[in-house]
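Next come two complexes built around subunit A: one with subunit B, the other with subunit C.
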Partner chain A sequence: MAEFQLRLRRFDPESGEAAHWEQHTVDLEEHHSVLEGILQTKARVDGSIGIRCSCRAAICGSCGVRINGEPGLACNTHLDHAREAAIAAGTDGVIVVEPMGNMPVIKDLIVDMDAVHWKKIQRVTPWLINREPVPEREYIVERESMVDVTQTMACIQCGACVSDCLSMEVDPGFIGPAALAKAYRFVGDPRDDQHFERLDDLADDPQGIYDCTHCFKCVQACPKEVNPMGQIMRLRRLAGSDHEITDPNNGRRHEEAFTSLIRGYGLLHEAELLPRSYGGDSWFGKFHPAAGKELLASLPVVIKGLLRGKVNPKTAAFGHKLPKPALDSVRAIFDKVEGKSHSKRAERYELNLYVTGYDEDEHHASEPSTTTPEQGSDK
Partner chain B sequence: MKVAYWPGCVSRGFTPELHGSMAKVAPLLDIELVELDRANCCGAGVIAEHNQELADTLNARTFALAQGVEGAELMMNICSTCQGAQGECQERLDANASYREHVNETLAGEGLTYEKGLTNKNFLWLLVEEIGLDELRGRVKRPLTDLRVGPFYGCYIVRPRHRLGIDAHNPRDHYLEMVIDALGGTVTDYAGARKCCGFPIITMNKEASLAQAGRHLGDALEAEADCLVTPCPLCHLNLDMQQPLAEGLLGRKLGMPVLHLPQLVGLALGCSPSELGLGRHIVKPTSVIDWSAAVVASAA
Partner chain C sequence: MPAHDVLILGAGLAGQRAALAAAQEGANVAVMSKVHPVRSHSVAAAGGINAAIDPSDDWRSHAYDTVKGSDYLGDQDAIEVMCSEAPAEVMHLEHIGVTFHRNERGELDLRAFGGASMNRTAYVADITGQAILHVLYEQLLKHGKQVDRYEEWFVTDLVRDDAGCCCGAIARDVRTGRVEAFTAKNVILACGGAGQVYHPTTNGLIVTGDGIALAYRLGAPLMDMEMVQYHPTTLVENGLLITEGARGEGAILLNSDGERFMERYAPNKRELASRDVVSRAEQTEILEGRGVGPSKDGIYLDITQVPRKRILEALREIVNVGRDFAGVDITTEPIMIRPGQHYIMGGVKTDIHGATPIEGLYAAGEVACVSVHGGNRLGANSLLDTLIFGRRAGVHAAKRAAAMPMPSVAHSHVLDQEAMISAILARPAGAGRRISEIKAELGETMNKHVAVYRDEDGLSTALQTVKRLREEAKTAHIDDRGTVFNQDVLGAIELSYMLDCAEATVVGALERKESRGAQFRTDYPDRNDEEWIKHIELTISDDGPDVSYSDVTVTQWQPEVRTY
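== the complex of A and B ==
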C-alpha cells in the first residue's frame, strides 16, 4: 500500500457557494486507479463527493475527468502515473482532479453531458439511413469496407475530446470532435444512403467540419485512439475532393488554392492564398467581391508590412518559386499521385496506422537522440 | 555542427525576419546551415487533408534531399507546423516498408530515395538536445535579465506527444521555458502557451480564429509578459500580423510583441534588435527594444 494525495475540485450549485479545492490522502496500491482513489475518499471521508462511474474498465466512458489538467478516464489512469505527471507539472505530487471542460458542471466532478456532448451527437444524425432497396435480410458488404470505420466505432462517448477542444473554447457552437468522428462512422459506412447529404450539411454549417482548428487536442485526449481530428480531415477530403461540395466557409476553396499553389510554385505563395481562399482558385480570385472585401480589411496591415520591410513587394506580388528543375519534379509528383487533371484523377491511397499497425522492426523516427536535456542542463 | 536546413515557406515569405535571424544566430552557435533550396512546402496539414499520399510523397522528397546532404548530422527546421506536418508523414513512411517503397517509386524519377529513420528537429529541440542548455548559457553575452517572456509553442510541436517523442525524459513541451531561463530571462506563466493561435481557420471562421489569438495575447498581457516567443511562423502571423484585427474584435488594446525563437536567442547572444529584424514586426517590440537599449546603456 502507498499513500497518494488527491486534490478534488468541489462545487455544489445548490449551496450557493463558489467552487473550492479539497485535499485528501488515500491508501491504495500504485496500480490502482484515480477512480478508486476518489471512491475510497467518498466511502471513508465524504459521501457527498459527486463522481459518475460504472464499468471501472474503460468501456462505459462515464468517468471522464481532468487529471492534472489533462482529460481522461479516472478508471484508466493509474495512481502512480498520475503522481508522476503531477510531479512533472510542479504540484509536489498532489494529483489534481477536476471536472471536464467545455461543459457546465452539475456537481463536483460531474458535467452536463446532455447539454453539450449528446446535443452535438444528435446534431449529426447518429444512425444509419438505409440504402434502398432495403434487403430482405442483412446487407452484404465487403469485409474490407467496414475496417475503415472501426476506428470511429471504438469511441466510448466519454467526452474527453470535447473537454479539451480549443475551437469549442472560443466557439461553443462548433459541432466538435466527438460528433464529427461519429459522422464519419456513417459517411464511411457503405450501407448508409445519405453520404452526400451528410457531407453537404456538415460542410455548409459555419460550425461544421471547417471550424476545426487542427490543434490535435482531441487526438491527444482520446483514451481509445479514435483520432477525431483525423476523421474530420477525412470528412473534408470526401466533401471537397470526392463530392465536390463547395461550402460557404471557404473550406474547399482554401484547400484547393493551397494545393494548386504548391503545384504551381513548389512553395507557399501566401499573398495569393488569402484572395483565392475567398474568391476562388485562380489568379483572378482576388478580383472576386468576397476577396476584395477581405483584402480591403487587411489593407492597413499590408501597408504597415510593406513600410516596415516585413513583406517584400516582389515576394508579395510574385511569390517565391522553386528553381525550374526542382519545380518540375514537384509537379511530376502531383501528376503521378493525383492524376494529370481533375477528370483523370488517380485512385487515392491512404494508410491508416490504426488499422495497419507498424512494421515489426519499427523504430520511432522522432525519438530524440542520445543527448538528453538533463545532460545539457545544470539542473 | 552541420545540418540540412529546411527554412519552410513562411520564413522566406511573410516572416522574412525569421529566416534572416536564424542565419545571424547559426554561426554564433557553430551551426552550419546547408539550405535545402530545392525542397518543397510541407503542406502544413492542408495537403494531407486533401490527399495523404501526396503530402507523404512531397515530404519524403524533402527528407531524401536532406539525407543527401553530405556530412549533415540531421535535418533542422524552424517552424512548428513543418515539424508536425513532416513528422506525421514520416511516421507513416517509417511504419510501413511497402508503403515507403511505393512512395519511393514516385521519387525515383528524380533519382531520390527516402531511407527510414531521418532525424528532423526544430531549432528548439536542437538547442536543448544537441547544443545543450549549459553550452547555450555559456554563450550568452547579454542575459535577458528582467525580460518577462511568455512561451507560445504552436500545436504542431506539442501534440500528439507520442509522435513528437515527448515524455518525462524529453519534455519537449517545456523546452521553451528551459531556453528562456538559460538565456537569463524570466518565464511568464499564462494559460495560452500550448493552445492554438487560431491561424488554420483564419479564412474559414475569422472571428473564432481572432478570438483565439486575442485570448492568448490578453492572457499574456494580464500575466505581465513583456513579449511572447514562438518557434512557429504561422502562429506569428496570427499573433503579430493579425493582432490589430484581434484588438478590434476584443475591443481592447493589446500591443503584445511576439518574437521568433532565433530572435530571442540572438538578443541574448549579443545581436542588435535591427540585425534580428525586430523592426519588421507589425506590433513594434518596443518593450524588448527599450529593454535592450537599457542593457546596452548600463553596460557602457
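== the complex of A and C ==
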C-alpha cells in the first residue's frame, strides 16, 4: 500500500459557487487506478463526488477525465504513473484530476457530452447505408476490411479526443476527431453504399475533414488506439486521391500543394504554399487570380512575420532545399506510404495498427522506419 | 406526462433490440436507461455470439449443447426458439453493420467456445458486445423519430393498474433530480443482471439488479436465482474478465505443478468444457493447494502458444487488460486468473415471448429467466439470448399495445417516490454505516458463501448477514443532499435492489438440495434428477420470498450424465 495525493476539481451547480480544488489522500497499491483512488475517496470521505464510471476495464467509456492536464480514462491510468506525470509537471506528485475540456461541466468530473460529442456523432450519418442488393446471408467482403474498420469500431465514445481537440477549441463547430473516426467506420466498410456521398459531404463542410490541423492531440489522448487523426487523414486521402473530390474549402488543393512541395524540396516552401493551394499546384499558381486575392489578404500576416523575425525573407522567397541524400530519404518515405501505384488502395501502406503495427514494431525494431502514431501512444 | 406504447427500461443489447423490433411493428417506443446506452454493460461482452450458421452445423446441435450446458434445467422449448432463430439474427446484425470478422473466403469466421460441439461463435475481435451495442445504437439514432430516448434516467418504481397490469414506471432524471411518471401500455425490463451483489465481479458498477428487484417488488416471480455463474478466467488482481475467446483461440490452464489439469476433469473438451465445470476444476486445484501466485489462489492462463499476430488481431482487448490491470504481456507470459462472479442465469420469469406473469410486463436479457441457460450458461449464448428475446419481447409488446387504450398513472405514485427520495435525503448525517461498507460486506459475504462451492452452514450465515445488511441499509449514511447527479441517493436505492437480489439468490441456493450446473452443494454433491429437475420460483411476501416450483419443459432431450 502507498499513499497518493489526489487534487479533484469540484463543481456543484446548485451551490452558486465557482469550481474549486479539493485535495484528498488515498491509500492504494501503486498499480491501482486513478478511478479506484477517486472511488475510495467517494466511499470513505465524500459520497457527493460526481464521476461517471462503470466497467473499470476501459471498455464502457464512462470515466473520461483530465489527469495532470492530459485527457484519458481514470480507470486505466495507474496511480504511480499519474504521480510520475504529476512530478514531471511540477506539482510535487499531487495527481490533478479535472473534467474533460471542450464540453460543459455538469457537476464535478461529469461533463455534458450530448451538447458537443453526441450531436457531432449524429452529424456524420452514423449508420450503415446498405449496398444493394442486401444478400440473404452475410456480405462477402475481404477479411482485412473488417479487421481494418474494427480499429474505429473500437472507439468507446469516451470523449478524450474531443476534450483536447485544438481545432475544436478554435472552431467549436468542427465535426471533430471522434465523429470523423466514426465516419471512417462507414467509409471503410465495403458494405456501405455511400462512400462517395459521405466523403463529398465531409469534404464540402468547412468544419469537416479539412478543418483538422494535424496536431496529434487526439492520437495521444485516445485510450483505445483508435487514432482519430489517422482516420481523418485516410478520409482525406480517399476523398482527394481516390474519389477526386475537390472541395470548396481548398483542402484538397492545399494538401496537394503541401505534399508536392515537400516531395520537391524536402522541406516546406512557405511562400509557394499559399499561391499553389489557391492557384494550382505548380510554379505558375501564383499568377491565378484566386491566388492573388489570397496573397493580398494574407499580406498583413506576412509582414508581421517578417518584422518579428519569424520568417527569413530569403528562404521565404526562394525556399530551401534539402541536400540530395536527405531529399532521397524523404522521397523514399513518399514511395513507401503511397505505394508504387497511387490509385489502388490495396497496395497502399495503410497505417492501421490492427492490420500491421505491432508485429512490424517487433520484427523491424532495429530498422529506422516510418513511425506510426500508434506506436508512440503506448502509455 | 410522457406516454408510450412500449417503454423499455435498460438500453443494453436486449433493450435496444427490443426498441428496434417494437418500432418496426409501428409502436411508439421509448428507451430509458440510467446511463447513456453505449455505457450499458453489454459493452463488456467480449468473445462472441453463437449461431449454427456453418453449413455443416445444425441449430439442433446448438440446442443440444445448450441443454447439456444448462445441466438439463433449461426449458427446451425456449432453447429451441433461441437456437433456431440464431442464424437469422446474426445475419440481421451483419446487415445492419456489425463488423464481424471474416475467414479467408470473406464469410463470417467462427471461433471455438466452451461447451460447443463445433465452432459456431461469430465475433468482432474480442469486442463483440461493444461492436453490436454501438451498431444497435446507430440504428436507434437512425430511427430517432420512432424511438424516444431517456438517457440518464433512474427508475425507482413500476406501477400496476387496478386490473393488476403493469402500466408504467416512475423515474428520476439523474441530471435534474426531477421525478416523473411514464405511462406505458407495456414495460419491457432490460436492465441486466446483478453482478455487483458480489465482490469481486466482472460486472460493471452499474449492474445492481434494478430490474430484478423492481419486478419482484411488483409481484413478479423470480426463477432459478441460485444459479450464479462463476467465469473461469477473471483476473486475480481485481476480478476483471479475460474472455473465454482466449481459450477458444487455444489458451490453456496450468496449476502450480505446470500441469494442464483440465485433462483430468474434462478429457475431451479440456479448457473448453462448460464454465461451471472449468470453474469447479480450478477451484478444486486451488483448494487442494495447487494454486499459483503468492497466496496460491490463482491459476495460470497461458496463451503464449497462439501466434502473436493472431492475439493482437483477435484478442486485442485482453492484451490491453493484461497490460493495464495486471502488468502482464499475455503474448509472452501466462496471466493469473481464477473463477469470479460473472452472470446470473436466474431472473424474472418469462415465457418465450418475454412476457412475465404480470400482464403488460416483459423482461429480456440477463434480467430475465426464460429459461434458456438453466443451471449454467454457455459462453456466447448471452448475447444471443438478449437479442432473440429482446426482439421477441419488443414484437409481442408492440402487438399487445396495438389492441388496447393508453392507461394512466395516478400522480400519487410520483408523490410516493418523491417522498421516498426525500426520506433518504433527510437521513441524519453520520447516523448509519456508509453505503460502501454495507455493499462491501454484502459482496464479500456472497463471494465467500454463495460461490462455486456452497453448503447449508455457509448459506445460512449468508442469509442472516443479508437480512442484517438490509436493516442497516435503511439508515445508510448520505453525503450528497443535492439534486443534480446525486449518485449517493441512487447508490442508496441500488443497494436496496442488490439486497433483494442477494436474498433471493441465497434462499434459492438453500432450497435446492442438490448439485446442478453452477450450484454445487458440498452437503448434497450429486445431481438429483428424481426430485430437482424443476425451477425454483420466489415471490415477494412480508416474511421474505415465498418458494414454489414449476416444471422444466422437456421436448426432445432427456437428462444424461454430463461429461466433457
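Just a few scattered comments:
Everything below uses one rule, namely that the second predicted complex is superposed on the first by the 280 of 379 C-alpha atoms of A that agree within 3 Å, B and C clash if a C-alpha of one lies under 4 Å from a C-alpha of the other, contacts with A are read in each partner's own complex, and residues count from 1 in each chain.
Throughout what follows, contacts are C-beta pairs under 8 Å (C-beta built on N, C-alpha and C of every residue); 3 or more make two chains touch, one makes a residue touch a chain.
What you see is a predicted model, and the numbers here were worked out from it, not measured in a lab.
Of the two partner chains placed by superposition, only subunit C is touched by A:134; subunit B is not. By the touch criterion defined above, A:84 reaches subunit B but does not reach subunit C.
Taking subunit A as the reference, the larger set of touched residues comes from B, when subunit B and subunit C are compared.
Using the contact criterion defined above for the overlaid structures, shared-chain residue A:122 touches subunit C, although it does not reach subunit B. Overlap of the subunit B and subunit C interfaces on subunit A: residues 357-359, 362.
Remark: subunit A residues 12-14, 31, 42-44, 46-48, 50, 52-62, 76, 78, 106-108, 110, 113-114, 121-122, 126-128, 130, 134, 136-143, 145-147, 149-150, 153-154, 156-157, 185-186, 189, 191, 354, 357-359, 362 touch subunit C in the complex. For subunit A in complex with subunit B, the touching residues are 84, 88, 166-167, 169-171, 174, 206-207, 210-217, 219-220, 233, 236-237, 240-241, 249-251, 254-256, 258-259, 262, 266-271, 274, 277-278, 297, 300-301, 304-305, 308-312, 315, 319-320, 322-323, 325-326, 329-330, 332-334, 336-338, 348-351, 353, 356-359, 362-369, 371-378. On subunit B, the positions that touch subunit A within their shared complex are 9-10, 12-17, 37-41, 43-54, 56-58, 61, 74, 84, 87, 90-92, 94-97, 99, 102, 106-107, 109-110, 116-120, 125, 128-135, 137, 155-156, 158-161, 163-165, 168-172, 175, 178, 182, 195-196, 198, 200-201, 203-205, 207-209, 211-212, 215, 241-242, 244-245, 279-282.
Of all residues in subunit C, only 35-36, 38-41, 43-44, 53, 91, 94-97, 99-109, 124-125, 127, 130-131, 134-135, 138-139, 141-142, 151, 175, 204-207, 238, 240-241, 308-309, 312-313, 316-317, 320-321, 324-325, 327, 434-437, 477-488, 491 touch subunit A in the complex they form.
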